[in-house]
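Same chain, two partners: chain A is paired with chain B first, then with chain C.
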Partner chain A sequence: MAAWVKGGATDAETAIAAAAALLAAAHAPVVTGLCAELAAVRAAFHLAGTLGASLDTAGAAGTYAELGSLSRTGAMTTTPAEAAGRADAVLVLGAAPWDAPILRDIAAGAPSRGRAAGAERTILSIGGPGNGATRHVAYPAEAGGLALSVAHLRAFAKGHLAGEAAYADLARRLFGARYGVAVYDPAELGALGIEMLQGLVKDLNESTRFFTLSLSGPGQDRAVVPLAAWTTGQAPRVGFGRGVPEHDPWRFDSARQVRAGEADAALWLASLPSPRPDWLGTVPSVAIVGAGGPDAVAEAAEIVIAVGVPGESTGGALWNEGRATVTYRPATGAPAALTAADVLGRIRDRLTEKKGA
Partner chain B sequence: MSVLTLREAPPERLDLLDITPLALSGLSEAEAARIPVGTTRRGLTLGDCFTVRLDRSDTLVIEGGSGRLDRVGAALSEGTIRVSGDVGQRLGEGMAGGSLHVEGAAGPFAGTGATGGLITIGGDAGDHAGGAVYAAKAGLDGATLVIRGRAGDHLGDRMRRGLIVAGEAGDFAGSRMIAGTLAALGVGDHPGFGMRRGTMLLGRHGAMSPTFVATGAHDLVFLRLLARSLRALSPAHADLAAGALTRYSGDLATLGKGEIWAAAA
Partner chain C sequence: MLTRISGGRVVDPTAGRDAVGDVWIEDGRVAAPSPRAPDRVVDATGCVVMAGGVEVHSHVAGGNVVLSRLLLPDLYVSEAAPEGHPFAHAGGSAAWIGANYARMGYTTAVEPAMPPASALATQLELADIPLLDRGALCVLGNDDHLLQLLRGRAGAAAVRDLVALNVATARALGVKCINAGGASAFKDGALNLSLDDEIPTYGLSTRKIMTALLDAVEEIGVPHPLHVHCNNLGLPGADNAFVATLEAAEGRRIHFAHAQFYAYGVVDPENPMTGGFRSAAARITEAMEAHPNATLDVGQVVFGQTVTISLDILRQFAGRKGANPKKWILTAGDAEGGGVVPFLYRPRGPTSSLQWAIGLELMLLSRDPERTILTTDHPNGGPFTEYPRIIHLLMDKEARDREIATLPAVVGARSSLPGIEREYTLSEIAQLTRSGPAKLLGLDDRGHLRAGARADVAVYRDDRDRTAMFSRAKLVLKDGVPIVEDGEVVAWRAGRTLALSVESDKAMARRTDAYLQDRFGQGLDSFAVPDAAFPVADVFEEVACRA
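Let's turn to the complex of A and B:
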């Protein structure tokens, strides 16, 4: 398994020792990315606890847009399987969902069970370019953004605005659905838009059935959120600087911490492909990355350790978007010598030994 | 008056939650110096970062500020805190009474959840001033928040009670407002997004949401009373309330019982 320290190739044990030394010297390290199998993420939380570090995820913008709304107003949600099996109307919000394979699957089918079984499926969209293949009825977005468009639509749905506007027509179509689903990307829609959408869906449920389907994005945030909850009782952005997990989405935004000079070391965990933070080279950093990936190179960080990629060279529990739950994905190729959980555990062991000595 | 003098720029964020005149009144200087304020494993105490001079009075002065001083005056219930400099996030969080004056700028979430008292920020304020923190029921909840400079985006987000007076503010001022009064000489785009009730008084403003409708110009006794109540805090805002105004009703996407009074163009 490949490893590099300050640009020079080395063996894993030397890199692990160097990583432990780098992190032990820091006062306020951050553990970020968390785009990995759950065993590795769990090991990252335990390491952060030992280090007094804070944690952050690659998809935190979308995660907190979703959680912020959920925590205040609740949510009416459904799963991709239910949407594919029951929906006769699908409202696609924004541009991002059109790139999701799951939307293509939903658009290609028709409701086969429930109150809309046998009906045709209508795809409606606001502010989306479409994917060039899916037939849909498109409505333009407001110039002010997607959240504003949802608000405008909701005003018509509530009957507070009237007239022959495009959104009045869309509101009629939504109320005409027997089982409707609104699909969105939380990072694109934002906290204000999601809260407004959940309000609209509740209004629609006064007379029909309507749900939301939030797309999880490419990272593992959906799996990290429950893990963070069962480990710390909080959402992912927690810090252990005072020995107990403190949750603060603003304070523990790793990019902000580095920009403000508050973080003095970083550990980036990405055994699955994930965009490398542009600030990674500005602090002493350790990168634990998938072997064979674009970031498994000497210049990715001060210390780079390549590990097994879950679902390829190692097995691991990952978010399964189709089933809307965490499932185990076995290795499909030759098993890797090192997993991210091993590396993180061994760094932690070295830190614990150091403390005990 | 008691004085805490910052020795140097703090190496990390400091949490001053427990540093109020009331909390310090029963402590000796040596005891106060041992109060933990650090947020990392350095384990910094008040005495590590400040020279501490206490006289058991109800006024505390923090000499020398920093954007890393979090929760200054949080949970203040009586007395006065003055800061000659900047502060960090959550200034006066959950404050119930007393007064809090910051000469410099404040970080995000100033006055969040504050139920009483007066908070004055001489400089600018970050995003979500008077706004709700993650998962909180409400932002400003009865206190008075005065920002002499410019506030960031989402000023007064989900505020529930009280008064915010700001010079300028960014986009989405008064978003998701539950109730209360917000006055600003200028704001960015989409003021009042998702507001249920409450009153906003605005000078210049950016794009108005399509879910607000103009309901005309009115000469109401309420506006004269508002102008009178604002006069002591800011004559410019009082003049704005006394001038020609157009009323907008909204946000029609929600309850629609909020109102924006905007200076007539």
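Let's turn to the complex of A and C:
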């Protein structure tokens, strides 16, 4: 298994010892990325607890747009399987969802269960690319952006705005759905847009059934959020600096912490492919990355340890977007010598020994 | 190692024991008295010795529990934990749950609502609850595959095989149905559902689904009877739903969840939905006495802020208007739905006071505490950490009267609580919290202190202040190992997850896999709960089916 310390190839044990020393010397380390199987993410939380570090995820922009709205107003949600099986109207918000395989599947199908079974599925959009790949009724986004568009749509739906505007027509279509689903990418729609959309959907449910379907993005945030919640009682951006898990989405934004000079070391966990933070080289850092991936190279960080890739060279519990659940993916190839959870656990063991000494 | 817990008042109603004596422990089990000198003697003089508490219905894991933490991140308080478990003081976390149950002398807890589609995440969360043995009931009754089998009259054997397959795949301890058919009906526009109402598009009813599940559970030999959350929870007249469901069981074993929320009789039959409710605890009690096949857990309400968590999406949708604070989550999930609605049981509010009284009435009127299990339906009626106060009120008429004196007159006008003189004995408390729930779950190895029992033991200082007594056990042993001393956790052991050992039919597995692949492009593997998914070994312990 490949490992490097300061650019030089070494064995795993040496790299683990160096990682423990690097993190132990830090005053305010961050553990970030968390794009990995749940066993590794769990180990990262335990390590952060021992270190007094803070945690952050690769997909935090979308995750916190979602969670910010959720904690302020709640939500009405459904799953891809329910959307595919029941929806007779699908409202696609923005451009990002059009790249999601799930949307292509939903758009290609028709309701087969429930009271809308046998009906055609109407695809509606606001601010979509309108590239003709999927037949849909396109409504332009307002000049003020997607969130403002949703606000105007909601105003027409509530009767606060009237007239024969395009959004009045769209609002009528939404009320005509028997099982409607609004699909969006949280990072694109943003917290205010999501909050407005949830309000619209709640309004629609006064007379029909309508739900939201938030796309999860490429990382593992959807699996990390529940693990964070059951581990700390809070969402992922948690700091342990004062011995108690403190949740603060602004304060524990790892990029902000590094830019502001608050963090003095980082551990980046990405056993699955994930964009490497552009700030990683600006602080003493440890990278635990998938073997064979583009970041399993000496220059990725001060200390680099390559580990098994879940679903390929090791098994792991991962987010399954198609079924909106956590699914175990066994290794499909030769098993790796090291897993991310092993490495994180061994770093933690060394820190614990050092504390006890 | 041979241990003698010496000189305590040993309370074990299953053996008729309530006297000062010893409890012997060896190799993690309660042992017969030994002539050998013990390796360790625990002086329990002045203490009460009971089996470890067993929880049958507490929402301690799963998607809705997670959502409740995200919706109300300030519901629980986190405290600094400089030593010990890194997360045990993180309010509402899995470790916090384990620690707080253990401090009260509980050693087993069951999550009652695990949809099979989210079994792995729920099981991973359960496995992170330290100190306790735990388990989960898998929820059926709204999934398209089951409803299709029933609609197509596929026969009892097919239903049995599908239920067994779900239990085996999810590694559940039992089966629950929640407003059977209600989530499906809600998705198709229904806003209420009674036992014999038609479920849109399937032509079924709650009665048909529930009775099919009752039969399947018996056929499989699931030790825990079907765990039933009835229709019309929380509505005036819900007592009719309870009694009708009880009668629909036709003598089969059945467990009723959070009965307090159904013990609401209509005050004004002319205006059943607007005229308010009165206690139907006496009616429920009478019905239970006439049906020895049935058990219930209470769902006691306690005053204060909480968050309601339920897969009864119909009920939660209706309850959204009462959300406090005004935010809520509804999830139209795969098969089941669900809702998370914050709620404030207003201290001294007339409605919450009456609910509080009805729960106590159910327990105080019951002639069979072993069939009347103490729960708060955590967190729906309030947090499980209120059990010591509830036990206090059951055991102390004066304390009850003092509390009632602070409450509105509706408590006396619409419930019989003020006139009830009964005070629970320690043996009855043990039935309510130990032997009853253990028997209900079919766990013969716990809930008692007879030789051979698992050495899950709670030692309490005998104190007239029962709240203090049951809040912080003097000593708790799990499998014979001290985990709590003087109310503090001293050893962070992991318990086991109890899972039913059930054979699933290979033909049904193939059929279900094909059904899932055809509709969703992914098969049964999506929901599997393999040992390899867990970060530590030996998470599960198998529980045998009934012969």
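Note that the second predicted complex is superposed on the first by the 354 of 357 C-alpha atoms of A that agree within 3 Å, B and C clash if a C-alpha of one lies under 4 Å from a C-alpha of the other, contacts with A are read in each partner's own complex, and residues count from 1 in each chain.
Just so it is clear, a residue touches a chain if its C-beta (ideal position, glycine included) is under 8 Å from a C-beta of that chain, and two chains touch if they have at least 3 such contacts.
Fair warning: this is a prediction, and the values are worked out from it, not measured in the lab.
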Contacts of A:V289 with chain B and chain C, given as first, second, both or neither: neither
Partner chain in contact with A:Y179 - chain B first, chain C second, else both or neither: second
First (chain B), second (chain C), both or neither touched by A:A147: first
Touched partner set for A:R242, first chain B, second chain C, both or neither: both
Partner chain(s) touched by A:R251 [first = chain B, second = chain C, both, neither]: first
Contacts of A:R86 with chain B and chain C, given as first, second, both or neither: second
Chain touching more of chain A, residue-wise (chain B, chain C): C
Partner chain(s) touched by A:S71 [first = chain B, second = chain C, both, neither]: both
On chain A, the residue positions that both chain B and chain C contact, one per complex: 67, 71-72, 242-243, 246-247
Complex contact set, residues of chain A against chain B: 27-28, 51-52, 64, 67-68, 71-72, 142-144, 147-148, 150-152, 154-155, 158, 160-161, 192, 195-196, 199, 239, 241-243, 246-251, 262
Chain A to chain C touching residues, read off their complex: 38-39, 42-43, 45-46, 49-50, 67, 70-79, 81-82, 84-86, 105, 112-115, 117, 178-179, 205, 208-209, 211, 223, 225-227, 229-235, 240, 242-247, 315-317, 320, 322-328, 330, 341
Chain A-facing residues of chain C, complex: 61, 63, 65-67, 69-73, 76, 78-82, 86-87, 89-96, 117-118, 120-121, 124-125, 128, 144, 184, 186-189, 200-201, 317, 323, 327-334, 340, 519-522, 525-530, 532-535
Chain B residues touching chain A - in the complex, by the definition given at the top: 11-13, 36, 38-42, 68, 70, 89, 108-109, 132-135, 137, 158, 172, 175-176, 189-190, 193-194, 207, 209-211, 251-254, 256
